[in-house]
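Presented sequentially are two complexes of chain A, the first with chain B as partner and the second with chain C.
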Partner chain A sequence: MSYSKDDIRDLLEGRLAWDKIKEIMSSPKDDDRFDRCIEILQERVPWPERILMPLGEHLYVVDKSGERIVKCDCGHEFGDWRQNWKLNALIFARDTREKLEEIYPGIRCPDPNLCEVREFYCPGCGTLLKVESVPVGYPIIFDALPDIDSFYSEWLGRPLADRKEFKDMTCEVTRGWGLEADGAHG
Partner chain B sequence: MNERRGIGDRGRTLKQMLEDNERLYQETGCYAGIVEPRLLREDPVRAELFHSRIMAALIAGRETTRMISGSPYVREVAELCIGLYTPEGDNIAQSTGIQVHIRLMGDNIQWMVRNNYEEEVGIEEGDLFIANDPVISGVHAADVYDMLPIFHDGELVGWVCTVIMEVDIGAVSPGCMPTPNVERGTDGLKFCCEKVGSKDRLRRDFEHKISISLDMSDIFLLDRKGAIAANIRVREEIRNIIREFGLEYFKGATRELIEEERRNQMARIRQRTVPGRYRDVVPAEFPMANQPVSWVPANRDVIRLIPIQMDILPSGRIVLDFEGTGEWGWHPFNATPKALWGGLSISVVQTLSYDGRANLGSLLPFEIKEPPVDSLLNPSQVRQLATSTMWSPLLDIYGLWMGMLGAAFYLRGFREETFNMRSSSGWQMYGYDQYGTKRPLMLSPLGNFGPGATGVCDGVDNAGWVATPETDMGSVEVWELFAPHLDFTRRFEPYSVGYGRFRSGLAIPTMYMPHGSRQMVASGAIGCAHDRIIPNLGLFGGYPGGRRNTILVRYANYQELLEKRQPLLCEIGDPREFGQQIQGEVLFLDHVLPPVEVHEGDLMIADNAAAGGLGDPIDRSPASVVSDLDEGLATEWMARNVYCVGVSYDDETKTWRTDEAETKRLREAKRKERLARGVPVKEWWQQARQRFMARSFDDRIVEMYRSSASLSQTFAQEVKDFWALPDNFAL
Partner chain C sequence: MGSDKRVQIIASDAGGTMTDMMVVDSEGNFTIGKAATTPEDQSVGFWESLIDAFEYWDTDFQEEAGRILPGVEAVVYSGTSMMNTLLTATGRKVGVITQRGDEDVFLHERSRQTWAGYPYQDILHHVTHRHNRPLVPKRLVKGVTGRIDMFTMEAIPLYEDEVRRSVEELLDEGVDAIAVCLLYSYMNPAHELRVAEIASEVMKKRGREVPVYLSHKLAPIMREQGRLNTVVLHAYAAEPGREQLFRIEEKLKGSGYRYPLQIVLSHGGLTDIRYPRIHEACFSGPIGGLLGARYLAQEMGTGNWVCTDMGGTSFDVGLIMGGEPMMEREVVITRRIYNIPTLLMDTIGAGTGMYVTIDPITNRIKIGPESAGAEPGPVCYEMGNEVPTVMDCCLIMGILNPDNYLGGKLKLNKELALNAIKEKCADVLHVDPYYLAEGVYRLINSSMREHIRAVLYARGFSPADYHLLSYGGAGPMHVAGYTEGLPFKGVATLPWAAAFSSFGCAAVDISHRYQKSTGVIIPDGAEDSWKLMMGQMMLNAGWEELEKLAAADFAAEGLPWEEARVQQIAYVRYGGQMEDLQVVSPVARINSPEDMDRLIATFEDLYEKVYAGVAKHPQAGYQIMELGLTATVPKVKPRLPRLPLEGKEPAKEAIKGEREVYINGRWHRATIYDMDTLRPGNEIEGIAVVEAPATTFFIPPARRARMDEWSLLWLG
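Coming up: the complex of A and B.
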């Protein structure tokens, strides 16, 4: 089962008609989808690093000189994929009624005493990469941490060079921030 | 010593069969120890015919029930499902419908098996068993299971089970999912796998009990008769299948169907997802302070966290972990570990196993870690609690979980499979119907919110309901015959949307006015929403839909408006101005809605909202924005301020037009605005950390963190690690 590159490109671009989308949804899945997508996405970005995996509409995990980093299609880099990329984004926290009502006017507005709607922007291009609605004080969510090495080696049968340990390294960043903040205060 | 001869395979008892099956699975990792599914593979055409015959029997049985039942839930909305089970209670096949119960109906069979029904209660040809107690297994007491054993030449070769959601189960606050109830006794009738008939007939004493106990006993008994008729029909067809295919083939192939589905499910996971860790969180709000409860300590407003972690392992197995879930409470929204499987079942058949072959095998690749004991998802006092609305947290959990799995599909390139869901709200009423009888009246249609966007197109409007893949609100005219009300609206609500490059589907707010009832009381159903915290349903830059509202409008001038033929409210309209034109009261009722008396001239509104949009809204195609404007599905304010598309209305053609240059300018300005007011997360983190350390939060938030930390050291440590808090900091 396989689709043409043009069909997959149209699918990603949102240009396919609903009846075609429905046909794709209802048919057996195409085994080469991942590779087709990577090929199309690679052609779209203006930089040379190899895309290992898409991480969103504009974000990718790429291989940069043996390191696996998160990169926006504008070229902005967010660091190791095992650290939540959001920590290197810009944030706009909608934590007042006024800020929330810009998106959720009138009776649609949540309670700013309890709810915070966080928007994460790319510092390079200002794209809105993620909206996070959580109770106030909740740690920034690390939405998806793909096990890239297991995926390539065990599921695709094409192991990547320089296997990296699969672990969440986000707290290494916040620990450093904490030491810096406490040092500054202490 | 002579062992008693059992009614199962080769004279084994059902308990022995169950234990043997579990041992074989443990030893081989394959269902029933089937390392090689020989029967299905040797003759695939015969196997396909065999499976089709079973499915045809189940689907025909389901339609039989719909013809007999008198309940709009069954006839209109089709809230039922039928499954075929092995003697040990493992699901072989399910009909279409509410496939929540793949495992749950089997849990009830296994409860009977483990409790030695074979010897102590007796399981014989034509015996009728029913169950609806979520303490055994289930997702709320309204779901009643009718179970019928299938014998062949004296050997029990399987079970057929039908589940129907009842309109009335005799709850203290009537309806089928009452929210004010907090204790078990208020739930209504509970049946814990009771034998209520033999020789294919209900016992007369059972019918008398129902007639005396339930206001809507006719509906309940008709549902039983519909279910029993369906079960008998399936049983007889299974006997035909056994005659045609042979008993040994039936026994072997039914088990192989489960094992094959397990393998197919593992293959789907490996084909469509990416291994790794996926996370999200449900903040569940339970404002019970104003409820007229039977147990006064229940009068508390609490918020509970339900963190969700999904690990897709390199093996292809999926592990769900709810570590960090807050404590149970005196409300009807506590769930159980078994109920979590019910939510997973219906979510799996809408995301992975939608080829008509879903059965127990679809669930075997999953593991649900036991939630912390005494958490909202695992209360040790569950026998004392009301279980009438256990569905509520499950809908929130699995609405988000679909999006988490959807993210895994997205990463793999299957963007068309990415979407999420949201719980919806409704009203349920009780009182005198238009025919003069006092009874529970209805639960408003709930399948009316907008599901999330996919990764390749907008979400489908008004098509979302976690509980069934076949969302159907039913016919308004039939609902109006069933209960004394007028249905005022079926309009899409533009502001219910989750914005995004692809927007969510839109919700329809339901609006009901009592009509023809001399006294009526209304209360909330399921989430009966008034979100203070909107769920985290935005995907890859899309926004979640906004706050849901439960609103009661009391017209002061209803008769006058009728006489002057002036319009009544039939849509939400601009959310900034809602209610301003109304003479009378506009009451925004709480998340958990206390019962209120309602009259003609009152309008009960369940203002639902949508799940999530996907992608940055300023990436949305201007043509899609204009199309929505032309259809009345978006507003000019949204076009300019959210999608940043320059638009103008052409009075001549009565259509909207885009202005390319204006769009470019608006979008560039939006990016500049974001870059100007966005701050580095590090900077924000330092301030937010100070706030966390000072506990400068609403009391409910402080208590929410305390509750989760009290049950999970792991959760507490993770929060402390993120905020770099001292070791001695107590959450």
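Coming up: the complex of A and C.
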């Protein structure tokens, strides 16, 4: 079972007609969807690194000389995929009534003492990559940490050459910040 | 002309692809024609179909129309012209005036509309649910302030300046029609009437008039969304559809036909095409068979029928109870809810055109939900489809004759069907293709059988009280399978099963139906004076109003009102229950408390039949939220000939030969009969196949069939 590359491209770009989308949704999954998608995405980006997995609309986990890093459409690199890329993004926190009202005017505005809205932008191209709405002071959410090795070996049946340890390494970034801060003060 | 008799009735059934025609003479003989439907001008397909029908009587209709048509007493149309306008969204530009605050009604919809018509697995998957594109865009929906409350009182006066402005804006937009639907207008129409007056003033001043349709006139029933949809349907599709009907009538009258063209309504009525609530004709396509069954039931004196119609894409089940079909008052068609009374049909996707595939995950046979339709059709049509269908399976099993399809007009390619079944399905599962084909045949039969079971048992009915009638092109081929193990009183099909819908349309009386919401509450042990007051104020007043409407419609159509058979209807339920029953009132008016008791007793009798005696709940009292009225005058109908029984042995000419048929896991030698040559009284032992040009009746081993005096074939 398979769909044409044009249909999959239209699907990815939000141009596919509803009838076709409904047909795809109601049918068994096409066998080659992942590879088709990667092929299309790879053609679209201006850089040569191999895409291992897409991560939202603009980000990808790519293989860069044996390292797996998060990379934006524009080429900006966010570092190891096991670290929350958001920590290396530009962050705009809407934490006052004034800033929140720009988006939620009047009675729609949440209480800034209870809630803040954080916007994450790419430092390379300024694209808005992600928004989270959380209680004030809540740690930055790590949206998804894909187990890439298991996916390649167990789902696609073709393991990647260099297996990496699968664990959340975000705290290494924050520990680095802590050390930096200690250094600055110490 | 093969039949020298006078042509009496012409009935057409215009489907999405084909227009069927049935021509009946004064002796009850009939001929059937078919032609492609021509949506842009339906009179073309109508005429072609007539020509085709008369060819079977060796008559050149084109030449002789002027001789034939002056003698015809009724021409009946039923069809999908208005439905196609909806499906293709090519109706008129309609503006809507509704209650302020309710302007987004077409966007938020009722959730049912986001999945209506989906197969079961998609209903479960919310990700596939989707809002409809509104027929009326938001900028053409205007809200006006004002409110009639649920007690019919004016809670907020109508803001007339807002109405004026709305009409101006809609006219600026160039609308072709304005539809008005305000809350509770079915109880107190004052605000809707005032909107119409203001609209008329504004239009006069501007010198441009467009029609204004009011919801309380077209569908005076509670639930504003269905009511609004109905008004919009009327303005958007029904009125333009009427123009098509006038074109057909013009053509008929041009050749001497003397009466108005009649159109079948979705509740089984029949009316002149000038009928004001023409939208009731929008969904009349699939009900023809039920009307035919009702006529059979009345002629034969057999009151309870389960009617099953199997075609290329769907399997419809309808019920006739005590000689009358069941009705639903709110229908969902083309993904929208309408307040249009419609004969009840429970439909599942199960048809001969359904694709047969192997689910790649579970390795199970999957039938449908998609169907190959008429184009590209099953693999055996040789029109490019490579995915096998149910029909391909019947073909390789030997049930279907490749040289007799549509009377031999279309040759079926058995080889191609076999290869497709082998490659796409049988080889995947490593089984014999014939074994697989029989599996498919059994699988689809069992899903239809379960559907029938659900339709009956879910309502508390038992097959033991019913006869089952099978029609539709594919019904007789599967009927033995889908009734297996269900204890019906009898299972029958007919030689002209494929044209049963158009027969049904020819067999309808002229009939109108009117509905109205009301609010009658009779508590348990209510005082006599209360019963009388409720009866007089609510029921009698409502029925009188509906009778006035009916009499006016009859007068407009030139029908004799004094000859009409009028039935007063009340929708009665126990207090607090959600479902009510349609009760034909035993009295025309409630003139005493005893009259009310008689109405309630009729309800309780019916309730006991539909559910069970122990379910009765008089302690909760009774409610009547809606009433109705039907007015009927008889029309000429095709005669159902009752013939003397002849011998059991079919005539030699009836036997066409023998053929190998695969069933129960092996090949059998089956006798092939010609359906048209069988005579009443004849009996056939299975395994046998009875062939007609448009139908194939399969009798499995150890079963038999007998033709009765009405030419019905009973499966034994």
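Note that the second predicted complex is superposed on the first by the 182 of 186 C-alpha atoms of A that agree within 3 Å, B and C clash if a C-alpha of one lies under 4 Å from a C-alpha of the other, contacts with A are read in each partner's own complex, and residues count from 1 in each chain.
Everything below uses one rule, namely that contacts are C-beta pairs under 8 Å (C-beta built on N, C-alpha and C of every residue); 3 or more make two chains touch, one makes a residue touch a chain.
Note that the structure is predicted; figures quoted are calculated from it, not measured.
S.K.: Identify which of chain B and chain C touches the larger number of residues of chain A.
M.R.: B
S.K.: Under the stated touch criterion, which partner chain does A:Met1 make contact with: chain B (first), chain C (second), both, or neither?
M.R.: After superposition on chain A, A:Met1 lies in contact with chain C alone.
S.K.: Between chain B (first) and chain C (second), which does A:Glu67 come into contact with in this model arrangement: first, second, both, or neither?
M.R.: It touches nothing on chain B or chain C.
S.K.: Where does A:Met25 make contact in the superposed view: on chain B (first), on chain C (second), on both, or on neither?
M.R.: Touch partners of A:Met25: chain B and chain C.
S.K.: Per the contact definition in the header, classify A:Glu39: touching chain B only (first), chain C only (second), both, or neither.
M.R.: Touch status of A:Glu39: no partner.
S.K.: Classify the contacts of A:Ser133 with the two partner chains as first (chain B alone), second (chain C alone), both, or neither.
M.R.: A:Ser133: touches chain B, not chain C.
S.K.: Starting from the residues of chain A touching chain B, keep only those that also touch chain C in the other complex, and list them.
M.R.: Comparing the two interfaces on chain A, one with chain B and one with chain C, the shared residues are 18, 25, 31.
S.K.: Spell out the residues on chain C that touch chain A in their complex, using ranges where they run on.
M.R.: Counting only chain C, the residues touching chain A are 119, 121-122, 125, 127-128, 130, 359-361, 369.
S.K.: Using the touch definition up top, name the residues of chain A that touch chain C in the complex.
M.R.: Contacts found on chain A: 1, 18, 22, 25-26, 28, 31.
S.K.: Quick one: which bits of chain A touch chain B in the complex? Just the residue numbers, please.
M.R.: The contact residues of chain A facing chain B are 8, 11-12, 14, 16, 18, 21, 24-25, 29, 31, 33-34, 36-38, 53-58, 86-93, 102-111, 113-115, 117, 119-121, 123, 125-148, 150-151, 154-155, 166, 168, 170-171, 174-175, 177-179, 181-182.
S.K.: Spell out the part of chain B that touches chain A in their complex, as residue ranges.
M.R.: 268, 270-272, 274-281, 283, 303, 305, 312, 314, 407-408, 410-417, 454, 456-457, 495, 499, 501-502, 531-538, 540-544, 546-547, 549, 551, 572, 574-578, 588, 607, 609, 614-619, 621, 641-642, 670-672, 674-675, 677-682, 684-686, 688-689, 691-692, 697-698, 700-701, 704-705, 718-719, 721-725
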